[in-house]
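Take a look at the following structure, please.
Chain lettering (A, B, C and D) follows the sequence in which the chains are written, and residue indices restart at 1 in each chain.
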Amino acid sequence: MYFGSDNSSPAHPSILNALIAANDGYTSGYGNEEAMNNVTKKIRDLFEAPNASVYLVTTGTAANSLALATLTKPWETIFCHRHSHIEEDECGAPEFYTNGAKLTLVDGKNAKICPKNLLDAINLYSQKEVHNIQNGSLSITNVTEFGTIYSLDEMKTLTDIAKAHNLKTHLDGARFANAMIALDCTPAELTWKSGIDVVSFGATKNGCLGVEAVVFFNPEMAWEFELRRKRGGHLLSKHRMLSAQMQGYLKDDLWIGLARKANSECQKLFSKIEKNPNIKIIHPPEANLIFATIPTKLHDKLISNGARYNHWSSQMSPLDVPENETKIRLACSWCTTELEINKLLELFNY
Amino acid sequence: MYFGSDNSSPAHPSILNALIAANDGYTSGYGNEEAMNNVTKKIRDLFEAPNASVYLVTTGTAANSLALATLTKPWETIFCHRHSHIEEDECGAPEFYTNGAKLTLVDGKNAKICPKNLLDAINLYSQKEVHNIQNGSLSITNVTEFGTIYSLDEMKTLTDIAKAHNLKTHLDGARFANAMIALDCTPAELTWKSGIDVVSFGATKNGCLGVEAVVFFNPEMAWEFELRRKRGGHLLSKHRMLSAQMQGYLKDDLWIGLARKANSECQKLFSKIEKNPNIKIIHPPEANLIFATIPTKLHDKLISNGARYNHWSSQMSPLDVPENETKIRLACSWCTTELEINKLLELFNY
Amino acid sequence: MYFGSDNSSPAHPSILNALIAANDGYTSGYGNEEAMNNVTKKIRDLFEAPNASVYLVTTGTAANSLALATLTKPWETIFCHRHSHIEEDECGAPEFYTNGAKLTLVDGKNAKICPKNLLDAINLYSQKEVHNIQNGSLSITNVTEFGTIYSLDEMKTLTDIAKAHNLKTHLDGARFANAMIALDCTPAELTWKSGIDVVSFGATKNGCLGVEAVVFFNPEMAWEFELRRKRGGHLLSKHRMLSAQMQGYLKDDLWIGLARKANSECQKLFSKIEKNPNIKIIHPPEANLIFATIPTKLHDKLISNGARYNHWSSQMSPLDVPENETKIRLACSWCTTELEINKLLELFNY
Amino acid sequence: MYFGSDNSSPAHPSILNALIAANDGYTSGYGNEEAMNNVTKKIRDLFEAPNASVYLVTTGTAANSLALATLTKPWETIFCHRHSHIEEDECGAPEFYTNGAKLTLVDGKNAKICPKNLLDAINLYSQKEVHNIQNGSLSITNVTEFGTIYSLDEMKTLTDIAKAHNLKTHLDGARFANAMIALDCTPAELTWKSGIDVVSFGATKNGCLGVEAVVFFNPEMAWEFELRRKRGGHLLSKHRMLSAQMQGYLKDDLWIGLARKANSECQKLFSKIEKNPNIKIIHPPEANLIFATIPTKLHDKLISNGARYNHWSSQMSPLDVPENETKIRLACSWCTTELEINKLLELFNY
């Protein structure tokens, strides 16, 4: 019964098979290998973006930070949600890679930036001059950190505000495939058609071992990104380790199937617990993550019966967890099984 | 009728006289001149801190940023008020000098950090591990950016929280003398006796041309600061330009007299307008600054009659200025005259 | 006939098998997985360093830069050879990760730092004060970029000079195993017994896909390194991708066998060409790399017959390549075959 | 008998008078004051550059570093002489402000970059790709650190090479006026007519207290410079402290007279000692600085008779000072007197 981070799941066998297939004989490295050409072509096709520049790195933190550093000058600010990965879980990597750009935290329910708050935050800086940090970029996360989804319209509303103020736009797509399934849309719709300039296209959480693509829809920024990636130590010599994974991931729509599986298992679980009076759902679980508070007694029972998931006690998080309750996050991944779900449901309903 | 920034006032004649006196013949530079020895001795005496390290720079931004960079690692955070100079008016200098430390904004009324909010903010990070930015330092501003004053007890409450969580503490004392007069306390009480590790001891706003001291009560950090100052281009060769100013500033309690004058003129003005129904005082004006909203019509009259001060229309600052009103800041400095005050009052009361 | 970069060779099958074995079921990530515990234990044993801290990253550039940033303050200098990887092939990554430390280039024959030159360079800075960048660390590369080897005595001479001047010491061991075989010594002898504080222990070039260890013999520096690694985006979530490779690499002395193979094939090749009058050996080929100049006509013949290796024309490198000659680098890796060697020899000798 | 740094001399009385005159009443700050408008206009006239952007800072290190950071990306290199101020005397400020750009040291006699060496250095990087730091800018110093002068032709040769390789060009003019006098040329000839994009126009050494101008001949880079200056803490609030000095400095050709005085006293001194067999002139003293080696006995006599100047023993600088000799630097400034020169000559000749 594993519902911990989708990062704890293994890679899909097809990914390993792709690695094995790629590990054959000598080949150029540093992204000059044939496999990378294939990946670039495939991603350009998928995103309907024939001029896009495509790069691979090993972590979401690297993808986000390198992308944002390319979009944002040191004296500019990145607008993002208070509960975004770049703010809360990257140990200041965006500040490091940008050489000190500021993250301006914008609030909004369910980890989604509220357009009015964004506008207020932008206006705050827009009125100032040399004394103030300057407006730079907007970073949106979809699926959000709280498992909710921006609709395409909601994304467009935010990127329209950004564009009207000359902000560049970034999508943290660590769970890109899960968002796409939830929205039933195309990659292009989820990105440039929604006003996104650069996307971190995550694959690690959805069945790979460790690979994320950064896709620039404006190739002008590409060379600077390449230098930043190298300078950050993120250009792999035996680069086929990354390109092979991505090739396997995209082949025969594997990535879509895996995300569909994760989301549907999650929805199945949700449909069975949403009316359980013991379980208070905190955010609408629109993709593969459920956030809820449950009685600590129930939590203890779950744990002692072998359930595994992230959790926060009221002591750890006094601001949003009442006493005697526990906040839990249930994550479904590509390898969550019906069996696991049923066992967990049994424990819940008992 | 000038009530604009205290930065727009000239230097006191004694400061210029000190410069002239110091400009005599050859002397060592880079802080090795005799005048600097005198300044160090004088500041150590004033602060009852015989081991303090004392440095001079030309701007408050340099003083704050260099001090904070010495206290805070790149992967740490500086807790400060949302409306602090380091957040709003230094174009990201603290982020630049620290190589990307984060400023965590803490709220509180009247630009004063609320202890409970500080504790919550600290606890937020304390629960995390390598993924999160680490706790680093606390920066307090007294006089605050809104003209209010932390009592010594209020400062101690904050620094006690800081010390309990291993945070270093910094005081932005751009208006140090004004705070000291308002609190009727000693320099030691306003700093290390209140738990402050390093102070930016401002002099520019209070009668100098351009000099701020940074005083470290813990000399262990001094050498690193010296290297950072040099590396930031802030070590002056003809350093007597700074030490002479500071010598003149501290001589015969000039600095205390100047701040007393600024504060008392401000209090005089305040006592005459606080009951004026046209004037809504926004923050308690406890030092030399008054923030208020007035009808825009009144504002227009003031301006057209020659009054000068900072102001924000409801358009510029829609969040806190109602329509048809104007937010104004009246700053008194060492050279504000009774005449100016009376002329302004006349316009107000007419 | 592939004698290009050892980075172009595939991974050894055992490495892939280790990956497959590790890809089983859910596991903690971020280095908290069981496989990483095993790696740490194994490396501590191998290096006879029970307190060593061990970290994995994906590239040599990351390993070197993160290690050097932990050893060196921004206002300090790293002494290294003019022809070192950190100077010539990392696009300024050490400067980026250290926030601007300087690389002081020290000369010496065959890419080996000359002790006298090192001493002179150190003394140059030692006489200065705040105006000058400060002494920080020494970085040695063994196997050098030119395929030569520092003897243990030579290393000790350099690290003794470093220690006498309070410099920290780093070994760039991108080809650690090849150096160890060439020197017929233990890992401990090649590192801390020779005065090394931190080593980049390379595995990618010697049969892995992409993994390098950073080993700190002084655990005090470890926590800072962990934060720097995370902040640099180099902490993998599905960290088993790295620990599994390293486990496979170290198991049953695989790594030693692979390096022995690479070195011995190289020595075989060298013994057959060193007296060839057409071939001028530039540096003593002491590990798995041969640098030589050959007539461009011969070079053209090699290429057109399918030989592959790095090469520089006199136009590209006018300072060290005479006209009508070509500088070549022949690299042997773990998968170089006798057949390839013989075919190349035939072309040479024809 | 003071021949130490020109930084140890006082300010010329006219500079102080200008400060006193400017210290009258309220005025805008941050460079928006009337005095700064006058300075900009005056400098544009002097340099025959009606579109130039002009900025003031307090130190040469700030001027150089901020200018170079505006010209050079973090992943680029600045070509400069091994014996340049930015390399030897700024504690890594250029690396700090550029966020880690590399200084590539180019050799050449008498602290002057040799064109062939520059070309070789540029070509070295030009052949590489993403793995290597990129070509960025060229920084020339005139008067050089060794008191020699580049002719206008020599400057043009270097900047032509730079332009041919897309390098931006910077002139460190800490002793700009002394160079201009030595070359008998116009400010325009010494800068943009010789291919210079940005100049650090020093005034501190030549009679001011602490002010240096940075002049951009291409105004496109100006806004970025303004943000960098603010972010570096180098934008003064009571900016008239700087603009008044510069106004006084430029008024009635004061600056030209002061440099002429310094140079001519130096030439007088030189003409009297150049044939003294005890004195070995090291570099042609073409402006206001003389470098020489003298017997340590003579040095001791000079010191004990009250002469003051910079000096290096053979112990301090074993590479270029023979035993029993002392290397000395005699600097003449605007306030060097005939009397001092004569007294020194007496000691020499006795």
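Please note the rule applied: a residue touches a chain if its C-beta (ideal position, glycine included) is under 8 Å from a C-beta of that chain, and two chains touch if they have at least 3 such contacts.
Small disclaimer: the values here were computed from a predicted structure and weren't measured.
Enquirer: Measuring centre to centre, with centres taken as mean CA positions, what chain is farthest from subunit D?
Expert: Ranked by distance of C-alpha centres from subunit D, the top chain is A.
Enquirer: Quick check: more C-beta contact pairs at A-C or at A-B?
Expert: Higher C-beta contact count between the two pairs: A-C.
Enquirer: Which whole number of Å gives the spacing of the CA centres of subunit A and subunit B?
Expert: Centres of subunit A and subunit B (C-alpha means) sit 41 Å apart.
Enquirer: Any idea how many Å lie between the Cα centroids of subunit A and subunit D?
Expert: A distance of 51 Å separates the two centres.
Enquirer: Averaged over CA atoms, how far is the centre of subunit A from the centre of subunit C? Could you give it in whole Å?
Expert: Between these chains, centre-to-centre, one finds 34 Å.
Enquirer: Spell out, as numbers or ranges, the residues of subunit D touching 2 or more other chains.
Expert: Subunit D, residues with two or more chain partners: 74-75, 90-92, 96, 99, 130-131, 134, 227, 230-231, 235.
Enquirer: Any idea which subunit A residues touch subunit C in the complex?
Expert: Touching subunit C from subunit A are residues 2, 4-5, 7-11, 16, 19-20, 23-29, 57-63, 65-66, 90-93, 96-97, 204-205, 208-210, 227, 230-238, 240-241, 308.
Enquirer: Which residues of subunit B touch subunit C in their complex?
Expert: Residues of subunit B touching subunit C: 30, 74-75, 99, 130-131, 134, 226-228, 230-231, 235.
Enquirer: For subunit A, which residues are in contact with subunit B within the complex?
Expert: 74-75, 88-92, 95-96, 98-103, 105, 120, 123, 127, 130-134, 316-319
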